[in-house]
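Below, chain A partners chain B and then partners chain C, in two separate complexes.
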Partner chain A sequence: MNWVVYVVVMITIVSFLGWGKPGKIIGLFFVSGLAVGSLYALGGIGMVVLYRATGVLNFANGAIGAAGVMVAWQLGQWGVWGPATWAACILVALVLSLGYGRLIAPRLAWREPVVKAVATLGFALVILGIVSFLWIDDPRRFSLPTDKTGVYILGLRVTVTRLIAFGASIGIVVGIYFYLGRTQIGLQMRALANDRDLSALIGIPILRIETIAWGISGVIAGFTGLMFGDLIRLEPSVITFMVIPSIAAAVCGRLDNLALVLIGGLSMGVIESLLTLSPVLKGVRPIAPFVIAALVLLWFQRGTRLTFDGKDQA
Partner chain B sequence: MKNDLFHITPSGRAGLLFALFAFLVVPSVAGSQWLNIFTSTAIFTLAVAGVAFMYARLGMVSLTQVGLMGVGGWITLRLNHWLDLPFEVSLIASGLTTVVFGWLLALPALRLRGLYLALVTLMAAGGFEIVFATFQFPNGGAGFWGVQTGTGEDFSRPVIAQSDAAYLRFTIVVATLGFLIIELHRRLAPGRAWALIRRSEAAAMSAGVNVTLYKTWAFGISGLMGGLAGALLAGSLGLLDGGTFRASESVMIFALAVVGGANFWLGAVIAASLFRILPALLNNWGLDADLSFVIFGAGLLHAVITAPDGIAGQVMDLSGKLFARVTGAAGREGGTRSAGDGVGSNALSRVLSNFTLTLLQIPVQLSHAVMGSKMQASGLDAPIEVRDVTVRFGGVVALNKVDATFTKPISGIIGPNGAGKTTLMNVISGFVMNTQGAVHADGVTLTNLMPPHRRGHWGLRRSFQKEEIADDLTVGENVLAQVDALPLSRGRKQQEVARALDFVGMTDRVGKAGKDLNSFERRLTDIAKCLVGHPKIIMFDEPAGGMSVEETAILGGLILKIHDYCGAKTLVIDHDVDLISRVCEETLVLDFGERIAFGRTADVLADPKVRAAYLGIEEPAA
Partner chain C sequence: MKLNLKLVSMAAAASFALAGQAMAAPSCGANTGEAATGEPIIVGGIYGKAPPGDFSASTDAAKAYFDCVNENGGINGRPIDYRVENDQWNPEMAAQAASKLVKDAGAVALVANGSFIEMAVNAKTYKEENIMSMAAACAISECFESSNIVSTNQGPLPSNLGAAQFAQEELGSKNVACIGFNIPNNGPWSCQVVIDFMQSRGGDGSMQLLNPGAPDVNSALLEAISTGADTILMNLPAGLAIAVLKAAEEQDLRDSYVWIAPTPLYDLSVPAALGEYWNGKVYVNTELAPFQLGGPDAKNWIEVMDAYARPEDPRDTFAQSGYLSATYFVKTLLMMDPKDVGDRAKVTEAIKNISGYTSDLMCGPYYVGDTDFHMPNHAGYMVQIVDGGFKIVRDCYEFDSAYFEPHIAVEKSLGLR
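Let's look at the complex of A and B:
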């Protein structure tokens, strides 16, 4: 039922925005929208993987990625071999994420989700402060060798980096789907996502599972940071607060369903990109993720009433 | 109560003195760069107050405050360049408009809470950021958006505050008024309603609180603070820039409100100082202002993990201890009380008091208007008729055509766990919709989609398995909250509360805070809540749960006296068969959603079916 609504709404929006435009132009914006959308989705996926297993919505996701990509840029400036700098980016992100997950998150384990989320905001600010202190505002560029090669899709030259971002977002969703479904750790993660207290009672090693989740999300955050730094802008504060549209994508999957996060992120990118075709709405294009996320939340929430205390509803 | 309204707490006195100091001294000694910094600090103090009160009083996280400031600023600039209105008029107009924006933001809050509510407000902040970045702020150009390139037109400040120093004073006055508005709300019906909502929305509804109205009202107040702050910022700078109103700033403001301490005025001042003064200081010392982020972040982690009341909470604790050491703890309580009474007794403050009371009656009056129905006389002579009530949760039948007519003053509902007892109570109180059947009493069909709080106004009272007492209200306020929405005179309400507390024996603890009560005292307060304001039906869900034998005996004695006290009919769910047989004349027994027996308690308990289902005795083979 929701699928039908989604397809109908998407077709309506695409045909409304693309009315009277040549198919080639629409295709062009569609493809470029997918590239932006896959970045939103990547950020959202990293957050949802962590949220499901630990109950922490990590506002520091963007900051962690920013720290990683800045380190990679610095190493590149010092002439370090490319792949080593990329590995360093992921490593920095992994260490930051694990550090928070092991040292700070356990102290908040029994607090409500919104408090846990607010705490990660503190971590984000600390990282952002240190990173912007180390690398004073200055125009910088970070580019991967894959930027130079491109392929033509629907008449638009798409760099291999964009293809990697798009492929990775799908690959990660599929990979995690199988990881959760086929492995022991995946089973335990699903148990945690379902009910933390019960999982603890039946002897699931919560600390270990959470540590793994922090690790996975750290790696995804590092990779996302690398892609943001290359494709959007290499500026710590911008990358840090790209977390906000990523949250919008995560919200589309109700912080739970990775496939929906992916679809949500991609749809946001596409709609945002197609809005360029509308003379009226062109200027407010970046608003698309927020409007979509808010509508999706309200749509999922229709007909429910808040009466009894319990978990947050959505 | 009237005196309490204007009672000045030590913390409040410190706040007023601080405002006075800021008003008299700071503008005359600060240099021009610092004048601007202090003005924007005062402005952000007001904005922080808006989010802090939502977080502290309702537990709701709003991440849109800076966006609402932008709205306030936009409207002020728009009005200024379009109609050339005096600044004060634009200020009030923008405050009122942002109230409406606050109400719009409240719409999702009616269906969402916690993290998801925070995320929706964050999405709204993201939306505002982009609108401001795209259309910018009016600076005297033509058209709706009023933007022209190049230098903008002049902006007129208030006539009485043209200079920077005078404008700082003006800002301090507005900010202080903002704090007073919030504090007045906290001390009256809205504050009590918010405390109940924060504790539990279900309990608030059954206490007759119109949760929708009060949540919306809170968002409106928070929006008002944001809008006023934005308008003041426009006045201070003369022009605004979209970059000031990023979603990230809203998030920062919220984080700092937690660092400062959302419960105290000092917390808002600390938050705004961290936000505005700290970066300026770092700059002056030749350090990178970005380092302030590290301090914010570390402060936030510290506050969230170890200091729930923030820096202000720690300062207040410390100064409280110091004060106690200097004056002696006992002398302090008495001293401040009498000071408060002195304020309340002079003529001017009586006029003020009446005026503010009238103003603050607005939500209550609205609630009456919505409520529509008139209060009826106390007590219930007619039976409570439960007719064929069926409840299905998906495929599970929780209640199957349950039928019972309760005629006696006190009736019991018993049954094994999962039998549907609480579900029946939830149907009667309006939390669960029955798929079939109806509940009538006194010519009213309770199940006719009457929302829970209106059933409360009508005269339905209930307690929950857990005692639902708001931690940050006193015993008296907890009970008073129950009658706030009823059209009774203030004196009458006070009288009812005093009588009910006397009945349950809590009169000596009327001023004790909810968080300091033990579970028996909480239960007694819960019972007192059920007795005020002309109850017709009172329902207790496992009142003796977790109570000792002696406590249960006292509860039983109280329940037996309820009918004589107010004429209401009482329904009791409990697993304690001794209690049920002592207090209930008739009893309904449920098992797996079916009625298996109903009648005189002694007969019902002797029924072999009941013994088999509930008391665990096998029926002898036939």
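Let's look at the complex of A and C:
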């Protein structure tokens, strides 16, 4: 039922926004939107992976990625071999994520989810402040060798970097799905996400499992930072706050379902891009991801009733 | 860190560009060689500095010049007490900064202000308090269409126009797509004049407006292309303009369009950031003299910066305009009766009477006048990004637009034409 509604809604939106426009133009904006949407999805997936394992909605993912890609850029400027700079980006993101996960997150483990989320926002601002102090506002560009080659899809040239971002978002969803479903650590992560107290009682090594989750999240954040730096622009504040539409993508998956995060992110990118075709609606492009996320939430909670203690009742 | 290394290297590059200059002491104010010790004259400055932009170059350069003036006799023996405030792109802080400087500190004038926010917030205050702001880094309409603000920089409107005019006259452009910010007093204001100009010359134009925080510049580029434009004008800060060019590079659009930009792309870091692909393909309007020209004022600017600014302070267009505003301000005070230089009303009157100041940093004369609009700088240069640097492709030329008719009328009344 949900899938049918989704397909009908998307066809309606694409038809409405593209009405009277040549097919080639619609194709260009569609593919362009998919490219941006895959970045939203990538950011959202990184957040949901961590949230499922630790209950922490990490607003610092963007800042961690920004710090990583700025280090990669700096090393590139100093003549360091390309692959080593990319590895450095991932490493910096990993260290930052693990540092927070080991040193700060455990101290907030028993606090409310909102407190945990706001703490990561503080961490994001600290990272952004340091990065902005080290690298002042200045025109910069970060490129990967894969930018040089591309394929034409519906008239739009899509670089291999964009294909990697798109492929990675799907690959990570599939990989995490199997990791959580088929491995011992995945099982323990799911147990932790369900009930931290109970998991501790039955002997699950909480700190170890959470450290692995923070590590995975850090690696995804580093990779996302590389992609954002290359495909969006190399501005730390822009990359840091790319986490906002990523949250909207994560919300589409209700912070749980990675496949829905992927589809939500891609759909947001496509709709946002196609809104450009409407002289009236193009002004609302920046809020499109959040409107979509709100509508998705309303759709999924139809027929349920929210109570004051936050539990849904059928 | 990269920041310091880069700015030091930029400073070195700018100094090198002015090759042949003697390492003489800079010329500042009365040039007495003796420090001013009298009662300070309070002067204010407001800049915006917070992610994602830093407009402090103008006040940094003005401070350097004022420090130099203070070591060279000041204003008839009185030093300038230059107090600067950061509005952090926050309207509330911009209003507080103006209140602190104008009402609490009693500044006689504001010099070298640089902000996206400050002028829109404070234009009314300046008028009510009868204080002049000799700004230097303006980007919004209020800065050029207010009674008490006058800037040495052009802002996006004339610079866009200059770039479009060059493209129309020299590169055969017939249809210009102007990609700008969706901020009414910036993007639409400065793009519309380009559309009007192109239509007045039998061509056409359009504007594609981006939200400042929008991550996706690709849509704006595709929208520009879908209008049938033959020329893309990137009316954006350098970082975003580079993102547009990168998106265009992805689509291999370089040879299908003419690529032009206003001054923000005139930054020594830009050619390297763009890379070999764009070599010779991007044309940029510069609102002040290109660095390599090295006239007397340009040399003095570098000497002042080297002697009095911090090594990490940028040597860029906003630094040029900040220096220029400061020199014009000092020149005006030095011509006043010494007993009046601490009197705001007299200083305001003197600033409004400025007419016919010239500098090799600026194509036309600088004047103020008692009007509700000020845009003395509406002529410039065009440069082309070539071999990792900028090559001048058109010397000083005046921009052609009906927008400047009131300004030209004022210039005629002042005998400047």
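Simple rule for what comes next: the second predicted complex is superposed on the first by the 307 of 314 C-alpha atoms of A that agree within 3 Å, B and C clash if a C-alpha of one lies under 4 Å from a C-alpha of the other, contacts with A are read in each partner's own complex, and residues count from 1 in each chain.
What we mean here is this: a contact is a pair of C-beta atoms (placed from the backbone, for glycine too) under 8 Å apart; a residue touches a chain by one contact, two chains touch by 3 or more.
Given the structure is predicted, the values throughout are model-derived calculations rather than measurements.
Look at chain A after the overlay: chain B and chain C clash there. Of the two partner chains, chain B is the only one touched by A:Leu57; chain C is not. Legend: residue contacts after superposition of the two complexes on their common chain; A:Ala87 is shown touching neither chain B nor chain C.
Touch criterion met: A:Val251 reaches chain B, while chain C stays clear of it. By the document's definition of touching, of the two partners only chain B reaches A:Leu298; chain C does not. Using the contact criterion defined above for the overlaid structures, shared-chain residue A:Pro286 touches chain B and also reaches chain C. Of the two partner chains, chain C is the only one that A:Arg233 touches; chain B does not reach it. When both complexes are overlaid on chain A, the residue A:Leu98 reaches neither chain B nor chain C. By the touch criterion defined above, A:Ser32 lies against chain C but remains apart from chain B after alignment on the C-alpha atoms of chain A.
Contacts of A:Leu128 after superposition on the shared chain: both chain B and chain C are touched. When the two complexes are superposed, the chain touching more residues of chain A, out of chain B and chain C, is B. Residues 128, 132, 136, 237, 241, 245, 283, 286 of chain A touch chain B in one complex and chain C in the other. Residue ranges on chain A touching chain B, taken from their complex, read 57, 59, 104, 107-108, 111-115, 117-119, 121-130, 132-133, 136, 237, 240-241, 244-245, 247-248, 251, 255, 283-284, 286-287, 289-291, 293-294, 297-298, 301-302, 304-309, 311-314.
The residues of chain B lying in touch with chain A in their complex are 61, 108, 110-116, 118-120, 122-124, 126-127, 130-131, 134-135, 200-202, 205, 246-248, 251-252, 254-255, 258, 288, 290-301, 304-305, 431, 452.
Interface residues of chain C facing chain A in the complex, by the touch rule stated above, are 1-3, 6-7, 51-54, 182, 209, 211, 213-220, 222-223, 226, 238-240, 242-243, 246, 249-252, 267, 269-270, 273-275. Across the complex, chain C is touched by residues 25, 28-29, 32-33, 35-36, 39, 74, 77, 128, 132, 134-141, 143, 147, 150, 156-157, 159, 228, 232-238, 241-242, 245, 269, 272-273, 276-277, 282-283, 285-286 of chain A.
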